[in-house]
Amino acid sequence: MELKNILESVLFSAQEPLSVKDLREVLKTAAEQSPEAAEFKKASPELVTSALEALAQEHGVSGRSYRIVSVAERWQFVTQPEYAPWVKALVGERARPTRLSQPALETLAIIAYRQPITRAEVEQVRGVAIDGVLQTLLERGLVEQVGVAEVIGRPKTYGTTATFLEYFGLRALEDLPAADELRRIPVAKPEALLTVDPGLATAPPEQLQPAPAEAAPQAPAEAQPNP
Amino acid sequence: MSDYKVKFEVFEGPLDLLLYLIKKQEVDIYEVNLTQLASQFIEYIEVMRMLDLDIAGEFLVMASTLMYIKSRELLPVDQQVQVEGEEDEDDPRWELIRQLVEYKKFKDAAAQLQQLESRQEHVYRREAPKPVFEAELQKPDVSIFDLINAVNTILKRVTDREGEAREIYEDKWSVSEKIEMLAKLIGSKPRLKFSELFEGATSRTEVVVTFLAMLELIRMRQIVCVQSDHFAEIEITKAEPQTPTVPTEIPEQAIFEDETAKPVPSESGPTPAN
Amino acid sequence: MELKNILESVLFSAQEPLSVKDLREVLKTAAEQSPEAAEFKKASPELVTSALEALAQEHGVSGRSYRIVSVAERWQFVTQPEYAPWVKALVGERARPTRLSQPALETLAIIAYRQPITRAEVEQVRGVAIDGVLQTLLERGLVEQVGVAEVIGRPKTYGTTATFLEYFGLRALEDLPAADELRRIPVAKPEALLTVDPGLATAPPEQLQPAPAEAAPQAPAEAQPNP
């Protein structure tokens, strides 16, 4: 029995996308439960990954109505887009999922490019309170708390999730368009709230300079739509 | 003796025991020596009695049938009783064999069902997750650019607030100049690769400015971005002429809107297929 | 786009098995919702069935870890039994009813091949009473009352259910092993008892008659007086 066929049967039976870690866990559990499954107990991440890639390749050229893809480092079977009319008819779907509003997108963009970031920092950038928006993004699973900022009050910091990557069809945060450029454009941060910036490995620290301390978040007039 | 006990407990009934005895004779059911079979059956019943086992009524009924058959067989042929009106079909020997053959077939069928049963224990039906539409995963014409557009807005807002143009506008290109240039370019060449837009850029800043200009053109619905495949290169085409749309003021609470509430590029600016 | 690929994508995306009727409904809905799906709007049941059979055939020889089967005339993707250890490790232990006992299997086999059949007729074949066993089969939904026999006392007749087919993974009653041979009774009497080769599988057609309700149950003992 080949590893790639085993991985295929698992992905095939899964209710959600699986990471290499998840799959290795399954291989281990199976080996512990069933003696006949012992062979792949300790398949390395490299071995699993290359088997998955071979499998995705096979399915890619098989001419079937579905294939295997990896999104946000998680593997899954998906149907080919051209069959969407029938699949949608099956699940009774008519309306597309609701889209993010402009305020939500702006908030999400700031969090995506500047994570980890506190709520106050986001509000400072957007110039309006973001309570409701942040709540929705949290509920929708697009952002999550990732830690606390080492400043007075130890406010929570937020970052994007794997769901965020899936929603936008990205493999990783590095795939955000013009990520490097946009991350480096200085954005004013109030001095008092400047967070330690552990996460942005790609952004040279000197470019994340604090702007001069500024007035507290502006009046709601700022929330007007784009010019 | 304990051997017998174990065996008796596994017989489903008299027919089952008879089949077992026939199997021990290693002959086909049709060729079995019924006299011998009857003797063996009765011996087993005797053993069961001796062991004080609870003997089901069916075994006793079968025993008497067998004894009747045996008694007929033991008589010389010319003295065998020809029961008045007894048809050939009513021959008790035939009746027994017919029953045994039939029972044997169902027993075999039951064994096959059992195999199916255990096979099914290892068969798992796929219960698909809620379908993932690739089109939604990629929808690059909406999602990514909306996101970047949002960054653009933010950057401009911050810049305005600070009352000065920072690094990004210091170069020889301003965003508005770049917009004009791009608009001209797309007018002369209907389809551009994303990377082509940046080919002439001489600085990082120019790349950013170009990018922002492109975003602005998308927002103004002058151009449309398409991606033929998930990770294929993005291409830029001229948008279809249309009535300009004014973004609706969105209350902060209305985070997610129905697509009818806000025009999106994918709906309002279909890309001509080619 | 081929019908069988469309059906494949739908089965692949389904959360439960689908009948030909369900699938035709999906084709119709898709055609109504999406102009590009119009082609198969009115595919006949025969066309859909033969496409499904071709598809199942393709998957059967593809050497993948899953295949398409029809169980109780409802089509579905299932994993191959040999991958069970891994699938089980992923989805956890399933609640599956306890295995059937030998008497239950024998009784079920008789009912399956000889339905509709009365209790007395089953007992006549097995040579023992089946009260408890029949009760169990009824409770598990594997058999059900299907009518009454038009004989004295109008005894109930029993038959198998869709649950029976599902439990054993059968498409239809025709798929029962050796169905032809076992379903149509009577055992052919050899010309000369004790000498003739059995050869029951090739019993002449005139002897293959449907189970007569007249097969009035009679215990073997009643046939002959005790000596």
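For reference, chains read A, B and C in written order, and residue numbers begin at 1 within each chain.
One rule holds for everything that comes next: a residue touches a chain if its C-beta (ideal position, glycine included) is under 8 Å from a C-beta of that chain, and two chains touch if they have at least 3 such contacts.
Being a predicted model, the structure only gives us computed values, none of them experimental.
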Chain whose average C-alpha position is farthest from subunit A's own: C
Chain centroid nearest the full-protein CA centroid: B
Interchain centroid distance [CA atoms averaged], subunit A/subunit B, Å: 27
Inter-centroid spacing, subunit C versus subunit A (mean Cα positions, whole Å): 47
Rounded Å distance between subunit B and subunit C, as computed from the means of their C-alpha atoms: 21
Contacts with two or more other chains, residues of subunit C listed in rising order: 12-14, 66, 77, 79-80, 82, 87-88, 91
Set of subunit B residues in contact with two or more other chains: 124, 126-127, 131
Residues of subunit B defined as touching subunit C within the complex: 12-16, 28-32, 56, 58, 61-62, 64-65, 67-68, 71, 89-99, 101-103, 105-114, 116-128, 131
Subunit A residues within the subunit B interface of the complex: 12-16, 69, 71, 76, 78-81, 84, 87-88, 90-91, 95-106, 108-110, 112-113, 125-129, 132-133, 136-137, 140, 166-170, 176-178, 181-182, 185-188, 211, 218, 222-226
Complex contact set, residues of subunit A against subunit C: 1, 5-6, 8-10, 12-14, 26-27, 29-30, 33-34, 36-37, 64-66, 77, 79-80, 82-83, 85-91, 94
Residues of subunit B that touch subunit A when the two form their complex: 124, 126-127, 129-140, 142-144, 146-151, 153-155, 157-158, 161-162, 166-168, 204, 207-208, 211, 219, 230, 247-250, 252-259, 262, 264
